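Should a chain be cited, it is by its letter among A, B, C, D and E, assigned in written order, with residues numbered from 1 in that chain.
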Amino acid sequence: MVISPVHYIAVPLLAAFLIPLLSKFIHKELARIVPGIVFLYSIFISITLMLQIGDKGIISEVIAGWQAPWGINLVFSPFSGFLASLMSIIGFLIWLYSYNFKKIDKEQSQKYHILQMMMVTGAIGIVLTGDIFNLFVFMEITAITAYSLTSFYRERDGAEAGFKYLLIGSFASVLILLAIMILYTQLGTLNMAEIAQKSHLIPTSLKTTIIVLFLVGFGIEAEMFPLNGWAPDAYSQSPGPIGAAFAGIVVKAGVYALVRVIFTLFDIHGAYDFLIYGGLITMIIAETSALAQTNLKRMLAYSSIGQMGFVLMAFGIGTHQAIVGALFLMFNHAIIKSLLFMSGSYLTYNSLTKQISALSGLGKKLPLVSILFGIGAFAIVGLPPFSGFWSKLYVLSAAADKNMLLLIMTILAVSIVEIIYYFRVVSTLYYGKQNPEIEIQKPSINAMVSMIALGITILVVGVYPDVITNLLENAATALTDKATYIQSVLTQNLPIN
Amino acid sequence: MNSFFLILLILLAGAAISFALGKISSIISGTVAFLSIASASVLFFTQLKNNTYIEFPLGEIQLQWGIDSFGYIFALIVLGLGSLASLYSISYMQNKERTGIFYFNFVLVITSMVGIIFSQDFISFFIFWEIMTWSSYLLIIFNKKDVKEIGVKYMIFSAIGAYSMLTAIVMIKGNYNTFLISDAIQAGAFNFTNNEYIPILLLIGFAVKAATMPLHVWAPKAYSNSPMSFTVIFSGAMSKMGVLGMALVLVRIFTFNANNEAILPNFSPIILQQTLAWLGAITAVIATLYALMQDDAKKLLAYSSIAQLGYITVGLAIGTKLSVMAALFLAIVHGIFKGALFMVAGAVERQAGTTDMTKVSGLIRKMPFTFFTALIAIIALAGIPPLGGFVGKWMLYESLITESNSYFLVILVFFSSTSAFLYCYRFLFGLFLGQEEEATKDVKEAPITMIIPMLILSVLLMVTGAYPGILFDPIAKGMETIGFNNVTWDMSVLGNIWGNSVNMIYVWLTIVIVFIAAFIFLTLKGLKGTRYVSTKDISTSGEIPLEHENLTFQINFFQPFRRAAAPMYKRSMDKIWNEIGSGLESLFNFTRKIYTGNGQTYAIFVIAFLVLMLLLKDTLFLN
Amino acid sequence: MEDLAIKILGAVLTTIMAFTVGMFYGGFVRKLTARVQNRRGPVVYQNFIDLLKLQSKTTNIAHGFMHHMAPIWMIIASLTTLMFLPILNGNLWFPNISFHGDLIFLLYMMVFGSLGMALGAGQTGNPNSAIGVTRGLSQMVGFEIPFVMSLIALMIQYKTTSIQDIMIAQNESGIWNMFSNPFAFLAALFAMFGMFRYSPFDIVGAPAELASGPVSEFGGKYLGTMMTANSIFSFFKLTLYVNLFMAGAGNINDVGIVATLIAIVILLIKTFALYMVPVFYGWVSPRYRTEQAIRYFWAWPSALGLIGIVWALI
Amino acid sequence: MYNLELQNNLITTSVYGSAIALILIGLYAVLVKKNLIKIVIGLSIIDAGIHLLFVAIGYIKGFTAPIFSPGSENLANKMVDPVPQALVLTAIVIGFATTAVALSLVIRLYKHHNTARIDQIKSLKW
Amino acid sequence: MTITENNIKQPIGEYIQNWARKHSLFVLAYGTGCGAIEIPPTMTSRYDAERFGIRGAATPRQADVLLITGYLATKSLKRVIRVYEQMQDPKYVIAFGSCTINGGMYYDSYNTINALDRYIPVDVYINGCMPRPEAVISGFVELQKQIASGNAYNATKYKENLEWYRENQKKIIKNWRMPDYNW
């Protein structure tokens, strides 16, 4: 069998179709196990393809034999490949974590696993696809599964968060659809490479309109202020691992789309400043809002929004190093925030309420989880020797190359706020008064494994960032090198075999 | 294997092992920590030669480690004090919980400080700096007291410092395209004429650790609240990392054009120099004023640490040869005597259960060795001849008066130094003198592993008093490394540039002779008739204090002074920062109201943003 | 060797002289005070009698080691400061061990004794002692400020921290510092009131309130030794003032016995004249409270000191 | 390439106009109406408007449907672009799914909160 | 070497010591009764006791002479004993006024000590009610004479007959609660 990027999408879709049947006719447990196998397979594809593109450059795969401008194609570049691999890995870890997660198992866990798998598939589709409408479709797949997962717990507030998400998400879909429509009327094509090639032909005012529509549409997914009203609710009300998936996968896809539009499709430099300021404001508002949160997951949600603002801002700086930094940030944010959500949800699970004050003294009862949470907190605020530091350094020194002193100082000032609320949690964990009445639910082994894997990644990357920087360099080059992208999609489009 | 890595590895291994053994036995864990630090010290002082450097890449970043004479000064403090403190903490931590975490962080702090000394490039410098910060944070909140206030305050200020340092580092990278400290210096990154903000930002970063006003408010509680065996390091050695950085930067600012004298290239460094010096002096004054109002011995010492660091800042800021020498000398000696004092406080805390001076008194008979250490260290702290503290103070004053024109500064410094006698006396009196408390009746002398480090430090203080030259030697070499020329020194003669000098040996001789003569006379005369009576047998107008009555005067000790100096106590930096903090917090609380919770509002935001963007699209995207 | 012998001889001579003079000054003050109060008063050598009596007490009470050590510390402080102070200007017979008298060293050494006594007083456990000590230390913070200011003024004026140099410079110019920089002298003079602890600054001993304060548990040989130390110390302080502001006594070229004696007489006259100032002030002033005393020193004397520094700078 | 110049045909104009009117009506419903069901309906109306607009843009006067059937081969250059229609079909499906999820959520919200007013359902805020 | 004065032989060292003691009397005036009012005129300009080397002392540690001025209430007795025992040898007691001798006008009072020397040894009594300052000074001069002749050894007597004194003291003082005499 030949490995191709199509498998990323085809296999999970097939699996999603088969799982209800299998679980009904063969064994119930299969509904929970199959997604894991699918994720493992995705990781396998990722590794194979990443090794392949090492020498081949960009793989452009067409679906159903149609040539590139006309047919739908999947592009596996170092950039999209990097994100796809990241998403598969995080997806797998989240599956591993939520496998026999007690609170999920109380509900219908097979639905959960299918939805989660589909969400990751949608996100991977967004990253891989070379067709703008296809991107829209994948985005909707992701979004709809995300709405369902947000309201997965039949608790009071899950539905509320889901509905808000849906309301705003619908706007996103409308706007993106509108933008695609105008784009299509202008260029008559939906292929991203071709759009990129021809985008200079669009009249300026229309072009900016399209960009605005895209920015607002994808900005909603990328949690840009003021479009992120849904985010804190969705993060805090969804099951813990889904919070991790939002931070590590869904939002990443949104950022990917936003960045694709700005860097590849239109390559419009005015948008860089927009990204910087948008990102900066997002970061400031979100981090300062996180400061006063009493609910752990909501705090993590705001922090996540802030981090995404940071990522956008890093992209906005626009130099190669900044993009490397931004990608590094995305990577870090994916693993660290996943770790935080995973360990955090065990902590909140054991504290009866999600309040931070209720966590006091859990450090002694759940030592490993607490240490992992601590590592996550230290990493996300950018303390060496954890991985968060390096991404921050990359971005900051990129900003310094452009002599943006004020920007740097603002970022760091916001980081101080971040430090305050994260350290408050850590100190509550370890040094608060213990509540003896709580009965402790120890995390299962698989959950521990996935969290420890993330923790070790954080440490390893933190001590020796070289393991990841090569990948990031390639990815950044792939993102900014528009010409190669167009060329490899439009000419290298021979269907494999 | 390279000794740099070997030393760090030994320390890290020590940290890891003592962490693992913490659950089994705190003594073993502590012994491991001590052995690793001690063996690292031995390795450091035997294997590493001055001016050896190694370079290795980390990704695209070229890292450089090395040791020069300047770092050597601080290595003396860190490793010397570190070994003693870890020896001390074996007994100190004996019956405490979670000793694994304690020793892990303890050794990690030492490791990071050694790393800072090694670092010749900003990246590893910053990394070690941050490791030091968070590992010390974990130690500060180790005692679980006021965790939120103390820990968060410490973290905020550390972050302010670290991030301004990071800003400077990336700006250096941006402007000069180097992470190496030596390259940056050569490119003139610290030079004021090129840009003002890099040195200023760096100085802010270092000033936080050196607890200079107005960035000192974290220090008192952080110092007093962490386990004493760590505070020894915290106050004695870690604050010196700030001094190290300040010295590096300041010397580069001031001696850019001239080597020996502070010929100032343009006007703004003078302002910076004066600002910093005044800040240092004001720090000293304020911290002293607050120190003498404290009832808790640990807090008193904490404030006094801040005050001492203020002197050091003054010395560095003045930037002449003598003043820098004084500052560095004070840095080392402060490490010694403050280390000894915190050890004393720790011993008292361990033996008597508290260091609250209103609850403990009259320990001198119970803990004579501890008292002896306290006495020696306090004399050094107060700067009274003939101990090491005096040498540093003398040089500082002489340099202020003779080499710079900071006459008014000297008054401030002197005021602080004189007021320091008050709290010095308070410390000794509060804990050791006065009548014995009923509650502390059964207190015994601290165990031998705690006594030994204390006595070693006391002896060191005496030796540095008689032969300050043994410290001048490394200091002079270090100063020559960072850019001074012809730093001269003498074994025991202190001299200023006006030609006056003090010979410490003569001072010692006089004092010792007089002491022996007077002691023999006073002891032997009427030996039979001399009676030692209890402290209850006092002349209180014939009234007889009962057994449980304690007449020792402890509460509102310096009330008259406080009344006299009332205006100075009105404002406190702490309050100002708290006001800023709560102001910001309410601002943030206001801005987060944007997330109203109503989905429709969010939808309106989206549409409004869309409309706004559509209106502004041309100006935004077409520039 | 001969040098050393002379130094030792000089040290002994200085000590004896300081002791004798100090004790007699104390007696004079008592006598004069009595005369002012229209009494006959004790004999001028009364202090010697007191000392002798105290030393011949057959029982002595000590409350512990620091209590025992307190007089020793005071003696150390008195003698060490004395040894590093040029008594007569460059005179062969009183060379001491001085390295021309370093001002900052002396400033700090002066505290040594107070600290020792404070520690001794502290160990007695008598609340009165501790209160006295806090008062004394507080007052010290008060008067040191104008004192240091005036010293700085002098150091600026002569670009030296050496007392001998200051003396020589005064002798050469022929103008005493009390005239060349009157503000600094006045500041120092006010500080001296506090230093000698005569009324209105006798808040440390304060017999009616504190039962003689820090020394309330000291008796017999301890009190006697303290008395000795205090006498020597007051002579030291007076000589220091005379050296700084009144050009000291003697001349560097006069080495003969007669010249030395004349110099000593001049020194005695100057010191006695200076000594009378705080004593006179004390006769007419009631006692201050501690905070009043501190504020007193921080107000006008400090202002004068500042003017002195500015004066010296100009 | 399509020209976006508006054809003078009254019918075409009215189609564009009604599409935009639909979008605005839907927007009004979403932004102003408080009832959850009405909001969901508003979302659907917006969707419908967008779909109508897209189809209308794709239509060229006088062209036929892009269906190749026996006898229509020569009409190949007289066919409208099939892509918008395909896209709209997809979008309709998506809109359907979204509406379904939305309605289920509304039911659950009503159950939990006993109200369907969006401004009363804001237990998650700040 | 001895020295003879007023027919008393003394070694020269002791002679000098006694001379010094005689001329330097630090008085701790225990102002228990109305007699305390006589102390100020004694010390101040009209009578000026200081010319004899008599001087007030604030604490018993520094004092040589304990001056009991007037009647002594039973309540005060404890304090007086305490103060007396805290004084350092050689020490002297001057009892002042009739009350200390026989109770004086309070002879039948339930709470006044009638004869002081049952409780502490007295070197010199000064009679009168009240004694004038001249009388006080003459009492001091008497004491000086005793000291010079080396006869003021009542403190030693007190130590020797401590048990007897204690017995008497404890008859008066019911709640003793005082450290025993410890030197």
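By our rule, a residue touches a chain if its C-beta (ideal position, glycine included) is under 8 Å from a C-beta of that chain, and two chains touch if they have at least 3 such contacts.
Being a predicted model, the structure only gives us computed values, none of them experimental.
Q: Going by the touch criterion stated earlier, list every chain that contacts chain A and also contacts chain E.
A: Touching chain A and chain E alike, sorted by label: B.
Q: Can you give the shortest number of steps from chain C to chain E, where adjacent chains in the path must touch?
A: 1
Q: Can you check which chain pair, A-B or B-C, has more C-beta pairs in contact?
A: Most contacts of the two pairs: B-C.
Q: Which whole number of Å gives the spacing of the CA centres of chain B and chain E?
A: Here chain B and chain E have centroids separated by 59 Å.
Q: Centroid of chain A to centroid of chain D, CA atoms only: how many Å?
A: For chain A versus chain D, the centre distance works out to 29 Å.
Q: Quick one: report the Å distance separating chain A from chain C, using the average Cα coordinate of each chain.
A: 79
Q: Using mean CA coordinates as chain centres, what's the gap between chain C and chain D in Å?
A: Their C-alpha centroids are separated by 100 Å.
Q: Send over the residues of chain C in touch with two or more other chains.
A: Correct list: 57-61, 211, 216-217, 220.
Q: Quick one: which residues in chain D touch 2 or more of the other chains?
A: 30, 39, 121-124, 126
Q: What are the residue numbers in chain E that touch two or more other chains?
A: 59, 61, 86, 89, 183
Q: Can you list every touching chain pair?
A: A-B, A-D, B-C, B-D, B-E, C-E
Q: Hey, which residues of chain B end up touching chain C in the complex?
A: For this pair, the touching residues of chain B are 362, 364-365, 368, 375, 379, 382-385, 390, 393-394, 397-398, 401-402, 407-408, 410-411, 414-415, 418-419, 421-422, 424-425, 428-429, 433-435, 496, 498-503, 506-507, 509-511, 514-515, 518-519, 521-523, 525-526, 529-541, 551-553, 557-561, 563-565.
Q: Show which residues of chain E lie in contact with chain B when the two form their complex.
A: Against chain B, the touching part of chain E is residues 30, 59-61, 76, 78-80, 82-83, 86, 89, 177-179, 182-183.
Q: Would you pull the chain D residues touching chain B in the complex into a rising list?
A: Interface residues on chain D, with respect to chain B: 27, 30-31, 34, 39, 118-119, 121-126.
Q: Residue numbers of chain C touching chain B in their complex, please.
A: That would be residues 55, 57-66, 68-69, 71-72, 75-76, 79-80, 83-84, 97, 99-100, 102, 104-105, 108-109, 111-112, 114-115, 118-119, 122-128, 130-131, 133-135, 137-138, 140-142, 144-145, 148-149, 152, 155-156, 159-162, 165, 211, 216-217, 220-222, 225, 289-292, 294-295, 298, 309, 313 of chain C.
Q: Touching chain E in the complex: which residues of chain B?
A: Residues 529, 531, 533-534, 536-537, 539, 541-544, 546.
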